[in-house]
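Below, each structure is written out as structure tokens.
Note that chain A is present in both complexes that follow, paired respectively with chain B and with chain C.
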Partner chain A sequence: MERKQYEELSNALKIDVKVLTAKRIQTQKERVLQSVRNLPAVQIPKKRIGFCEFMLRQIPFMGRDLWMSQGFAALMVFGVLYLSLDGELDYLSIRHIPLMLGILAIMLVMTSIPLLLRPYRYQMHEIELASRQSLWKLLAAELILLMAEDLVVFGISAGIAAGIAGLSAVKVTMYFLLPLLMAGTGCAQLIRRTSGWEEVSQRIGLCEGYCGLLAAVLLLLYRTKPAVYDKIGAWVICAVILFPLFVLSIGMWLKDSAEVGERTGMVDAALYYQSE
Partner chain B sequence: MELEVCGITKQYKDKCAVNDVSLKLTPGVWGLLGANGAGKTTLMRIIAGILRPTSGCVRYDGIEIDRLKEEYRDIFGYLPQEFGFYPGFCVQDYLEYIAALKGLTRAETKKRISILLKRVSLSEVRHKKISKLSGGMRRRVGIAQALLNDPEVLVLDEPTSGLDPGERVKFRNLLSEFAHDRIVLISTHIVSDIEYIATCNAVMKEGKIIATGKTEELVRMVEGKVWSADIDGRELAVYEHQLLMVNVYNEGNGDVKVRYLSEKPVIPGSRKEEPRMEDLYLWMFPESARSDI
Partner chain C sequence: MTRENELLHQIKRGDTSCWEELVSLYYEDILRYCIYHSPDLESAEDAVQETFLKVIRHFPKYQDRGKFRGFLYKVAANTCTDQWRRKRDVQLPEDMEFMETGYASSEAQVNFQYMVRGLPEELREIVYLKFAQELTFREIAMVVGLPVRTVQSRLRRALKLIRSEIEGEV
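Presenting the complex of A and B:
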């Protein structure tokens, strides 16, 4: 390891003076300086935590409020269905399960939005951006933890649903996953496109509104065209198409988060006039 | 240790917030002085690596900060002008949260928080919610978070806004103590914040650095332009419109003692005064004095 770093310095020091232009001098200088900095004899050892430990240390800070609201959302879904079926869970037939799973997935996304936008809402984003882990890693850690939580909620709900209605694993997964992907992709795009809006509550409201609209569409399908839920092939195709879009949207959002929240010149200007 | 700002320009559509700024920062306290809208915050954000310049770069020890990435952020402490906290966080939670973001191990976190809370006199309120603290205390929490990783470069944007005079003095002493062997950059429009502690100053106006130097060097720019005179209170209104007044002191007997800036003495019986940083500021930003009249 040590030898490799000395070799790197040795290579950096092999300078062909004849071809040095101003730009090359700077590049060469930086290469030499970086190689020197990397030498164990020069480096001051500082113990720093990795991403996994950082992620685990986020758990206490992600807030009981979030988990309480998500738990409450899950209970609400079950509660509404329980009441509407007069407590007769046996009637929670194959027809009701898809709607219940879809609404649950959307509610999980809905309740995550305030957490993901809180750095902007509470003016913490500049400090978070300038820290070693930076804001994008913080958001990535929170997303992973949220997804893990969603997975647990999904596991429990899917177990209950499969137990009651005897649905296949593919169907249960699709009824949950597709609305989750739709809500997640839409919200990630909305968050990106409203970057720099002064009122963060408006951004949250927009995402919640979008999720609400999705839930309404699911409800409408459930009421008017329940047959849609039987076409599981179409659900799989939609999920396959949407999954890369979801990943891309999240990736782009995280990339945008690496700088003081601005994507467009217009936002740039707004930010300037606001801060100076 | 050297932080080099090389030809930084930041253009926001029709507004050039920072215009070809170059600075070489060495260990010590650096004051970045400028009126509101001078481009200080934009420059601070660029130095913090959280805002990309339109052109130019920032180098730390000869290497561009964009290349150093985490390595740079690891030796960097930042207190933005507008900083908040999550509701429900107590001082201890907040500092633990930031320590995790800065990558500190649990053991180091515990040690650093304990040291810093003592240093900023907040040990007694460590379990109190930040929302319940006074403005001055909150600022001190902000300073503590910036110092958590024991940074080599510390950037503070308008750090004393909202602090009372006593807290300002404490803050200045804390910084002076900390600045040994480190680069501390303080942006402010409050002259007294940096007058006695800054090793070097840079004055920024309309996106450009218009002067740099030690306090004594900069102050020399207004040497022979600072005057004081005793006038009749009734004449004050006339002179206020003519001259750039630094200070007006009502002596109680109808007379007024004024301190003003002018190339030549205007009021009969004017005496030449020793210039101060405040005089320089008003000389360079006369609009800031006139707008308040």
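Presenting the complex of A and C:
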């Protein structure tokens, strides 16, 4: 065969794909490239982020709404007391401060519950958006941020209360801490024990109801046995007993959340943050 | 270093974004190959996609010794073979062999197409890979799974058959 014939043979066998309409080729090529991009092996390299960075990324999701509602709750407590005392804040004393701080602590827990249960309702949406970490890390991050916020609110309230009524720091701390521990421990246990409930709103309702009940008990104590507030030793003992229970309850809740994450495959899928 | 080697090198270093360029580089060649080896255009397009996905998935097992093109065509060949097997289950017409690929511009080219199609299967594929896809003997050997010397002798035999047919026509 001659060289020319080889060329003819080569041309005869070469299909000119451009004859197949450029648009079709382009569309199909794009389809192939898209499926290539979707392959896990071709995903853009991912970068692990630390827990602290993850926690900071949660701040936008915690939302101004929550912090504004908690700030509003604190203002309301002061406002109600101010009005009930006809502006006579000098009259604000031991009799009012414990109730005010206790209600404030319970309200802080009440406003935090919907936020803490939100990942269960929206199927980890904020984790996907923020950084794709596991559920227990999200809860831990939110708890830390909430506690930091509670501390600030407590600091301001306690400062004002102590300044006005001249109470000791221990007393002010106990009047705030004990209701907070009781509300927190109870809610953590309720959330754990209602993990099978499909309706998140019912779980929120149950926790809010429990907090409401605690507030009613505080109010009842304030009305019927105000002397209880003088026995600060008993408050300290109760707080000492409750604190480990609180830590244990939170720990168990986080542990349960980690198991939920593993069951649904969220942990494996979400350990990385897509850098771009 | 060729662009292909450069891209492969970068992929091995973890820059998987290079896959897109590598796929684009070979897309039309593989489409051409799959059109020739598929019952219809849709099947060919599916085969192209499957080929590239398989190549990427199996790339970690691929040992780079300058044979990437051979590896790619080998995967395409296997994909097309699998596709024919699957199509056989849905009862294709008996006389259907390959889809009509005739975009030939001259009578001589049409004749060549018929001559190549008339070759025995083991010769036809080698002629096709050599003349349509311009693969080296080493690459063809990899695709068809034969020693290089066997590929060379089969190509010689195929060309001899074509030549004798041309002479017979004349």
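One rule holds for everything that comes next: the second predicted complex is superposed on the first by the 205 of 276 C-alpha atoms of A that agree within 3 Å, B and C clash if a C-alpha of one lies under 4 Å from a C-alpha of the other, contacts with A are read in each partner's own complex, and residues count from 1 in each chain.
The definition used in the following text is that a residue touches a chain if its C-beta (ideal position, glycine included) is under 8 Å from a C-beta of that chain, and two chains touch if they have at least 3 such contacts.
Please read these numbers as outputs of a predicted model, since none were measured by experiment.
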Which of chain B and chain C A:Leu39 touches, first, second, both or neither: second
Partner chain in contact with A:Phe61 - chain B first, chain C second, else both or neither: first
Which of chain B and chain C A:Leu13 touches, first, second, both or neither: second
Touch count on chain A, higher of chain B and chain C: B
First (chain B), second (chain C), both or neither touched by A:Ile49: first
Chain B versus chain C as contact partner of A:Met76, first or second or both or neither: neither
Partner chain(s) touched by A:Arg118 [first = chain B, second = chain C, both, neither]: first
Which of chain B and chain C A:Ile25 touches, first, second, both or neither: second
Touching both chain C and chain B, counted on chain A across the two superposed complexes: 29, 33, 37
Touching residues (chain side chain A, partner chain C) in the complex: 1, 5-6, 8-17, 19-20, 25, 28-29, 31-33, 35-37, 39, 41-45
Sites on chain C touched by chain A in the complex: 14-17, 19-20, 23-24, 27-28, 31-32, 35-36, 41, 45, 48-49, 52-53, 56-57, 59, 101, 103-106, 108-113, 116, 127-128, 131-132, 134, 159, 162-163, 166
In the complex with chain B, residue positions of chain A that touch it: 29-30, 33-34, 37, 46-49, 54, 57-58, 61, 63, 65, 118, 122-124, 126-134, 138, 259-260, 265-266, 268-269, 271-272, 275-276
Parts of chain B lying in touch with chain A, wherever the complex brings them together: 12-15, 17, 36-42, 45, 48-52, 61-64, 67, 70-71, 73-74, 76, 78-88, 93, 97-98, 100-105, 108, 145, 149
